[in-house]
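Each of the two complexes below includes subunit A, the first together with subunit B, the second together with subunit C.
Then we have the complex of A and B:
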């Protein structure tokens, strides 16, 4: 793949000479290894380099601003929104909220988000990122309506890579339902490489939902580093089916007592789609809970991967950590890999993990068919039931229904 | 309505049914009794079109050979099996399942599918006839239901789909007296000149509530004796060993 890179920092406007030299340094670091491949333990089930080599002739950084500014607003529930095109913040609407409680601006690259990652995509992002946003919610402010971030990608991104960074801060005792909505329906191959920092401060609560709207030839990577303070709550719902490739790399740091985090994921993969959920949950303080439930349905020649690590520091007594992965494999050519890891240095903890994979229960299919339900629909019902279960805990009724419908569409075909 | 001639069924090289003959006409209630392992549930499975059986002989349903029909087509044409062990289907809402089922059958029969409101009104009515709490309908299908609740749910499905031939496979097992009476009332209220029942059971007690026109004794894959309702009463006293 290396010979086909076309990455140019001088395509990026308005950089200081200092920034240019820092970006060049990062690009050099990227060039040392290129895109991650299976020799890297973290990428052993998702050889991105070979996946890109098989699907891209060349790859260049995106250099032009999108002309499109139109996109379809979700009409199933009332919401605030910000819209990005190819990573660039284009518009925002917080008309449901009080003024001055929400700070939203373009991501400032002088802030230089440091994520301590050795991953080469991190270096590439540092070298090439433009756009992205910074969002900050004021202390004691609970948003009245959810916030949808429309991640629109234009149709002109053939063999381009879009890099951007976001920063989200929930100050003390604030609350936000955040829906990251990936929106693209072009047939062109492109890649998105997104780094995001999330800070959930004392007594705050963040629901972080990621949903993909339609089938697209996007190769998606998102790294989220999150830090949780005392009594905070951070829930993730990952519904990214439909992307050609996706790796969601989530680090959650439970840094202070009584914080809770969860990761729920439901994926229905078809054709040669490949998706990986990778988590690292660091229990850095006592009395914190973490919960993970990852569900995959694998059709055709698709591949699903779950690498889940729970780390419990020696001081983190009374930790309650749980992870479960369940996969339904519907075709002999499909594959699911799970790598659960527990690293525990405290002695009074509750940690458990489980992983199952199997085929669909034919007795259940027979039962549904015996009620007149056609076979195809019976399969869809079971798959739907299997995946929808992860939404049970979500309390926002309208969002839950919206996600259920989207999930159904992901299962029954767009 | 149903004509079974010399039916043989084999699974995993085990001969279960060995030449079974049975004729059921509209309006009739037939009971099949027999000891464990005699082939009662196999008969129910075969009639519902369950995979895995090697079948010889002939089963005709209203003149059509059943072997030509898939499980769902049989259901759409009015064959209903109340399962001995109704399956738990996590994540599938009972109401959604019932509506999908009813509309699949209606669609196949050329009737208009019901919209959600009309369906909910109908199901509420049917559920209350069987003393089923509405809350059950919004739960996951059979998940965490007691044995009695599952069986009542089967009868609810029967009354909803309005089949022509209802096969009840040990619907009485796992029922307490009250639930048994409710289930029996459910069946009795659905009985008519147009539809028929095949009731598979070990015991007479269900037949105290649902009076059969014929009682058949199944043994070793064949019907070895046929009588009227009195045969069931007699079997309860003497056991199978005198006949088999």
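Then we have the complex of A and C:
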């Protein structure tokens, strides 16, 4: 769909001539390959180029500054929030927290965020990104309430791409529950391309939750690069059902001893939804743990993909790494693809993975039906049980209930 | 490394060379070379045309580079594509006419060519460099209607069968190495089992690379007609040289309705010395098609040799209820590298496949399992089970697993599991305590780790394979 790109750097305001030339270079790099296609090993199961070609007539970068500031705030639990509209930071509220402990500002494109991803979406983001935020939590500060980042997209976005970058830093011995809340109910096709850098310093802990609120025609891509220091903890919960296309590309670097990371995902996909979870866990230091559990329920013509890689460096003895992907395929037109990879150079390690895909257990359905439960409900019960399991490890009760409710809504229809 | 050093290298007992006169093709890859090969084998025109078609296709293909073990660029113009012992050019009619030196070689290798043949009851087709030297037990097989001969002979005598099946599983325009083989293949085995026949003995081929600067490109074609059964064994060795030699073979299996093919390989090509100099590049394409209903193809491989092993024996499960199996042990030590696994492509209904892969890595070696399980939309009620376990010895080696799993319908089930660990220290301690030394203990534990695969091998091979497993790991623990 190369001929239909309409990317203009001069739509972006307040750039120095140096920035413009750097952005132009990145755009040229993007043009060399265009959107990633299946010839790229990382995009083997999700050919973004053809997906976009089939659904977009043209694609342009967004220059629309939204006037809407109103959006529905979650009222199930008390929280701090940051609100983004089409990527731009428009409001924030940290009234539950101590002052001067949290630093929040617009992402500064002058201190370049260097991520060594080679894919073309990264170049496109470098060329066109505006907005986004930088968040820094002070040393020894544990947030009293969770932080919700409202990723609002205005309904007027049509055949546009929104690019932005975020940076999150947790300084030593700090703690944060972060909820990325995707909020859009537009019927128009648009794309979001987000790069995020996360640094979890010594003894800190971050719960990173991503949840999609309602069914929308958003084509979502987010690349997260995270670096973990000693004794740190980084947990991810991904509940992105409802997005038309989604690829969450997560890189976790366990750079120092005794750090832990986990990725949990539960997806219930319908219609032609296509979602991919891609992880790369680099065990660069000894005594680190990583855990991944990815669950998919695939209805209609949907497609679920899991590509996970565990890399263990030769010095990383006593590594414990685990990967599990499970899929329920409920329709012959649905598809599940997985590529769980292990690349291991240290011998005193425990690394394993498992992957299963198949249909729902008809004996269980029969059992429920024999107890007087209608078939449709029986299916829903089993799917609920299958997916909700991934939330078990989450300790924050209110958030857990909230997520459970959202997940059930994703399963039982909006 | 000098020749004398090579002679002193006792680790690889098949490292000797045999001094026989050779006939060689012109050096390099060209139409001339292909015409030379075709001419010397007195091939019909259709065969030459087939080769040239492959050669033309090869010109536009690129050598693949996605594999994990990288290797220096191969200069295809610096190789001899045909090398044959001179005495074989007037093809011997019986074993008595074969150059005694070659027979001596096979004796050293322990192949039951002459005296052992009656005892073992294995029919052997031995391929020395590029040509098939002798096929034993021919008469007994002919009585049953079984054709077991070199592929060159089959091209002359059974052109209909060859025309029908050659290239039907691995087409001319497959990947680079398969196409190269199609253009320049020199010899190999041909097996045809007629309908409702159970092959009364194990069929076997022994491959040996003897001449230097040659590549070996053999082609094996096995057809099991309706309701038949055959078990086929393949073994390989090569002399020690400090150059890397290319081995790019193609093996095609076709199983029709209710037929079963069992294909076992013990691959012990020269792996290079402990510094990683020399050794064979084993880039082989093996593919079987379960074309008929209820057919079955089973691959078993023990890969201990070669500097680089890069192969994926695969099954295309076309017929309804067909079964594909893959059992593999890949052992890499020193600087050896392996990138091996399988592809199971389910097309027919109720098809089943099973993959058991055991990778063992020691020294500075790299061992990779790469596999594809794909259940297509129409392959309803299909099943796959995959298990790949890796064992690491030391922290300079690597063990990797890259499975591709694609499930495209709601009634099929795929299960995959993989683990990577080191040898259990408690088990080692237990063995030591009972008086086994470190090496014996390791060999015992590793053999136990591989048991599921070793069990699949025919008796004669199982013993050899167990010994090989122990030898390959000598000196890796300590």
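In this text, the second predicted complex is superposed on the first by the 414 of 414 C-alpha atoms of A that agree within 3 Å, B and C clash if a C-alpha of one lies under 4 Å from a C-alpha of the other, contacts with A are read in each partner's own complex, and residues count from 1 in each chain.
The working rule: a residue touches a chain if its C-beta (ideal position, glycine included) is under 8 Å from a C-beta of that chain, and two chains touch if they have at least 3 such contacts.
Here the structure is a predicted model, which is why all the values come from computation and not from measurement.
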For the combined arrangement obtained by superposing on subunit A, do subunit B and subunit C clash, or do they fit? fit
Subunit C, subunit A and subunit B - angle at the middle CA centre, rounded to the nearest 10 degrees: 80
Would you check which partner chain A:377 touches, where first means subunit B only, second means subunit C only, and both and neither mean what they say? first
Identify the partner contact of A:388: answer first if only subunit B is touched, second if only subunit C is, both if each is, neither if none is. first
Which partner does A:332 reach: the first (subunit B), the second (subunit C), both, or neither? second
Comparing subunit B and subunit C in the superposed model, the one touching more of subunit A is C
Subunit B versus subunit C as contact partner of A:57, first or second or both or neither: neither
In the superposed arrangement, which partner chain does A:351 touch: subunit B (first), subunit C (second), both, or neither? second
Which of subunit B and subunit C A:368 touches, first, second, both or neither: first
Check the superposed model and tell me the shortest C-alpha distance between subunit B and subunit C, rounded to whole Å. 16
Of all residues in subunit C, those that touch subunit A in their complex: 66, 377, 380, 390, 392-422
Footprint of subunit B on subunit A - complex, ascending: 361-364, 366-375, 377-378, 381-382, 384-389
Given the complex with subunit C, which residues does subunit A contribute to the contact? 41, 45, 314-315, 317, 327, 329-359
Which of the residues in subunit B end up touching subunit A in this complex? 48-51, 70-72, 74-76, 80-81, 83, 86-87, 89-92, 96-97, 100-102, 104-105, 108, 140, 157, 161
